[in-house]
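What follows is a pair of complexes built around subunit A, which joins subunit B in one and subunit C in the other.
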Partner chain A sequence: MLQIKNLFVGYGKVTIIQDLSMKIDSGEVVALIGANGTGKTTLVRAISKLNTVSGGTITFDGENITDLSPDKIVEKGIIQVPEGRKLFAQMSVRENLEMGAFTKRARVNEKENLEYVYSVFPELKAMEKQACGNLSGGQQQMVAIGRSIMAEPKLLILDEPSIGLSPITTQHMFEAIRTINKKGISILITEQNVQDVLKMANRAYVMQQGKIVLSGKAQEISKSEELKKIYLGM
Partner chain B sequence: MNTKKINRITLTALLVLGLIFPFFADYYVLCIGINVLIAALLGQSWNIMSGYAGQFSFGHAVFFGIGAYTSTALYTMFGVTPWLGMIIGAGVAAAVGAIIGFLSFRYKLRDDYFALATLAFAEIFRILVNNTKSLGGATGILIPYLQNPMEYQFASDKTYYYVILIFVALATVYIALMSKSKLGLNLVAIKGNQEAAAALGVNVLKYKLIAISSSAAFAALAGTFYAQYYGFIDPSIVFASSISVEAIVPCIIGGSGTLYGPLLGALLIIPLQEICNSLFTSISGVNMIVYGAVIVAFILFCPDGIFGRIMKIKGKKGAKK
Partner chain C sequence: MNMQIFQALLDGVLMGGVYALAALGLSLIFGVMKITNFAHGAMMTVGMYTVYVVSTGLGISPYISLIFAAVTLFVLGYVIQHFLIDKISQAPTHNQLLLTLGIAYILENGLLAVFTPNYKTLEVDDFEGSIKLGQITLSPEKLVAFAVVFVVTAVIYLMLYRTRTGKAIRACSQNREGAQLMGIVIKKTNAIAFGIGALCTGIAGALLTPILSIYPTLGETFQLKCFVIAILGGMGNLWGALISGLIVGVVESVTGYVAGGSWSDLTVYAAFILILLVKPSGLFGRSNRREH
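And then the complex of A and B:
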């Protein structure tokens, strides 16, 4: 459903992503892994057009979306949970979730989607009136993911959802992501937590210095010697 | 007491006070009342763009000045009634606001840097008008006083008072409607977290420009009123940074991003200014020291403003439940 061809992305004169191609099929969980500073965030932000693309094409459901603005991308159904959650700290949990339903498409089903979010994260229902700034990291991540579900994604992009979370909370998070995927939402997830994310994903891409250096089935990649080399630099 | 109740009580109190005030005020006090309302209109204007949308302006004088100069120039040069000039001025200010916004946001100016850009634009306009002979240059423009209501000129200060009161009410109604609409939600989202708003499908640039333009239009209304009321404008009055400050201070005192905060702030700060001016006549400068100290005290002890403080206390109680 998402196809990236020969993509170039940079900040100013510095090119970060060089000639990168990848694809995500409908219903898949795709993991994007790689060491710090290899351009994972730059890439996913470019898909949402939060970064400017300097070359190449991105197509979504057969439509070229390379030149669309971020709000149009959201309307197409690509929703991103930005790294570090980025909640509206002053607002309550419920208000934050409601903020997810910005697009016309999502507003129609706002109530059902809210129910769905509460069924995936029952904890949130209990604290829906609390200000988000007072929540723990894990709870905040739940709100951030819940908020993006409110926008009715076809493709959900999660940028390092486990950042700053305890191992147990991370497990819960991954379970929730699996539940969301079962609803038919495709998922692209970037992670540092390589082994856990590879257990969950169908396929994986490994990035190094702005390029895809390894790709394939998640299970195979998790066993490959190549991955160790890339990570340990041997 | 819930937020609605607080809002309703404040609204009733302010409305009653606003309506009956001229009947109890002598000429001097009425003038102060008018100045309160000018500051309140400027404050509400600033509130739209900076309080709600979070785009800090330090140059609201540019819109105020454009409003004043557009209506005045059209009137003195072409005989266009300032009522019409006021609307044209608001339109010009909105357009200039959009241009300033577009230029600034295109280069991703944010926070302090955006505030500095607005300050620079206000200065550019001041210097520009200062050196434009056809606009009176540094000597300014004197508006002939004909006492004709059709020309936005009234015999009684009471009429001026009610005119500006209507504008303040208009701005307040606009903000009330805006804050409940999708536009308001978009602006609050942008203020809360621009990145998140963009990721959720808010067209950040578009809504920022709407915020600046509507804010600019209201500031321009204040500018035209000022020109018609005082009958004289020059660049160092209407494009002065003190005007920009006058737009900000009511919001800081009363609470920016709240509906009635700027009104309350103006109601406190302008009389305070007057009191300082009249109490400390013997030593020059003491009035400004006292005035400044009050603002510093507010920033230290009540950084969310009076209304922001009330909402915060309420919010905390709500969270405990």
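And then the complex of A and C:
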């Protein structure tokens, strides 16, 4: 579904992502793990075209999308829930969700999708009219995920969805992500919460200093000695 | 209350409404693009001359020519954002400021070249005399101006809060990357927002044309006034701009009555500095926290 080949991404003269290749198949949950500052966010921002790609190709459903603009990427069905959520703080929960259905493609099923979001996160319905800036971190994360569902993703990218959330809220969030995946939406998730995300994922890539250093089935990775080495420096 | 003070108060509110509309445009542009439009006053003058030319040329009421001014300024604003400001959106802020200042000079000098620096006065025959309510005299031009401001503001408000494009404009002003990730095309949304901002100042200019004698550099006075109002209201805060506009109008008018016209500007700017000393983010400004 998504295929990344020999990707280079950098800021100015500094290259962050070096010669990175990975793929995500239809319906999969793929985890991208690695310590802070290894380039996970840089990579997913490049997929959404918030960062400029300096080399390599990204293809989606067989089409080269390396040079598309961010709105065209969204139109193709690659939707990102960014790190820090990036909600519209002074707009209501409902308005934030509506903005998810901004593209022509997503407008068609706006009503059904809104109902679906409310069925996944019933809490949101009750605070429809509240400004997002006043919600708790967990509630804001629900709005962010809900907003992305409104955009009708084929591939949903979640960048550190559990950051700043309590363990219980995190479990709740992962549960919701599983539900969304069952709908047939492929998922790429970056996490520092390694063991939890590996339980949910089908496959995983481990990143270190802008490169993939380990990849394979999530279960195998979670048991591998190399992961411990990378993470704990043992 | 002394009737003459009441008169000054009313006059101030009516003029303040027009200032408020122009400042609303400036504040909207800042809120969305984070850019201070130094061509705002010059654009207002373009609105004035559009009304002057259309009214005298076609022999129609300035209040119908106003529609031409609105359309012209929307297009002008859209084009300036799309072809000029957008190109340097990644440049340092001072370069963007200089660009809008350059646009201001081009517009002003263009008007000077075409219309000469001479004052032009539009003869308005829509109204006869003025409206008298007891000891209060109201100019019908100012009353109509205030009514138009009210309608235009309501339309802009509905547009921003009820339509998809309006919500996209607000989304961009609150979180640009969040908006991009939802498929909103920033470039187009910015151009529309700048167009609406320009339209506000253009209509304000159009409404002033029957009241004032116009000349090509007249906008400079209003540029500074808009700036003061927008900052008092908290840059990017549209309600703040509206209320501050009325406040500035009233302060100006009442000071003019009490102490004489030459004291008006002095009092407005002194009050402005004092307020900023006490509340640096403006009367209705949010704190300086900015989300990225």
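Here, the second predicted complex is superposed on the first by the 234 of 234 C-alpha atoms of A that agree within 3 Å, B and C clash if a C-alpha of one lies under 4 Å from a C-alpha of the other, contacts with A are read in each partner's own complex, and residues count from 1 in each chain.
Simple rule for what comes next: a residue touches a chain if its C-beta (ideal position, glycine included) is under 8 Å from a C-beta of that chain, and two chains touch if they have at least 3 such contacts.
Keep in mind that this is a model prediction, so the values were computed, not measured.
Undergrad: Determine, for the superposed arrangement built on subunit A, whether subunit B and subunit C clash or fit.
TA: Once subunit A is superposed (C-alpha atoms), there is a clash between subunit B and subunit C.
Undergrad: Have a look at where A:131 lands relative to subunit B and subunit C in the superposition and call it first, second, both or neither.
TA: Only subunit B is touched by A:131; subunit C is not.
Undergrad: If we overlay the two complexes on their shared chain A, which of subunit B and subunit C does A:99 touch? Say first, second, both or neither.
TA: Touch status of A:99: both partners.
Undergrad: Kindly classify A:70 by the partners it touches after superposition: subunit B alone (first), subunit C alone (second), both, or neither?
TA: Both: A:70 reaches subunit B and subunit C.
Undergrad: Quick one: is A:36 in contact with subunit B, with subunit C, with both, or with neither? Answer first, second, both or neither.
TA: Neither: A:36 stays clear of subunit B and subunit C.
Undergrad: According to the stated criteria, A:195 is in contact with first (subunit B), second (subunit C), both, or neither; which is it?
TA: Touch status of A:195: no partner.
Undergrad: Enumerate the residues of subunit A that count as touching subunit B in its complex and touching subunit C in the other.
TA: Shared contact residues on subunit A: 48, 50, 69-71, 74-75, 79-80, 82, 86-91, 99-100, 102-103, 147, 151.
Undergrad: Any idea which subunit A residues touch subunit B in the complex?
TA: 48, 50, 69-71, 73-75, 79-82, 86-91, 99-100, 102-103, 129-131, 134, 147-148, 151
Undergrad: Give every residue of subunit B touching subunit A within the complex, in rising order.
TA: Where subunit B meets subunit A, its residues are 185-186, 188-189, 192-193, 195-204, 315, 318-319, 321.
Undergrad: Can you list the residues on subunit C that touch subunit A in the complex?
TA: Checking each residue of subunit C against subunit A gives 164, 167-168, 170-171, 174-175, 177-185, 291.
Undergrad: In the complex formed with subunit C, which residues of subunit A make contact?
TA: The touching residues are 48, 50, 69-71, 74-75, 79-80, 82, 85-91, 95, 98-100, 102-103, 106, 147, 151.
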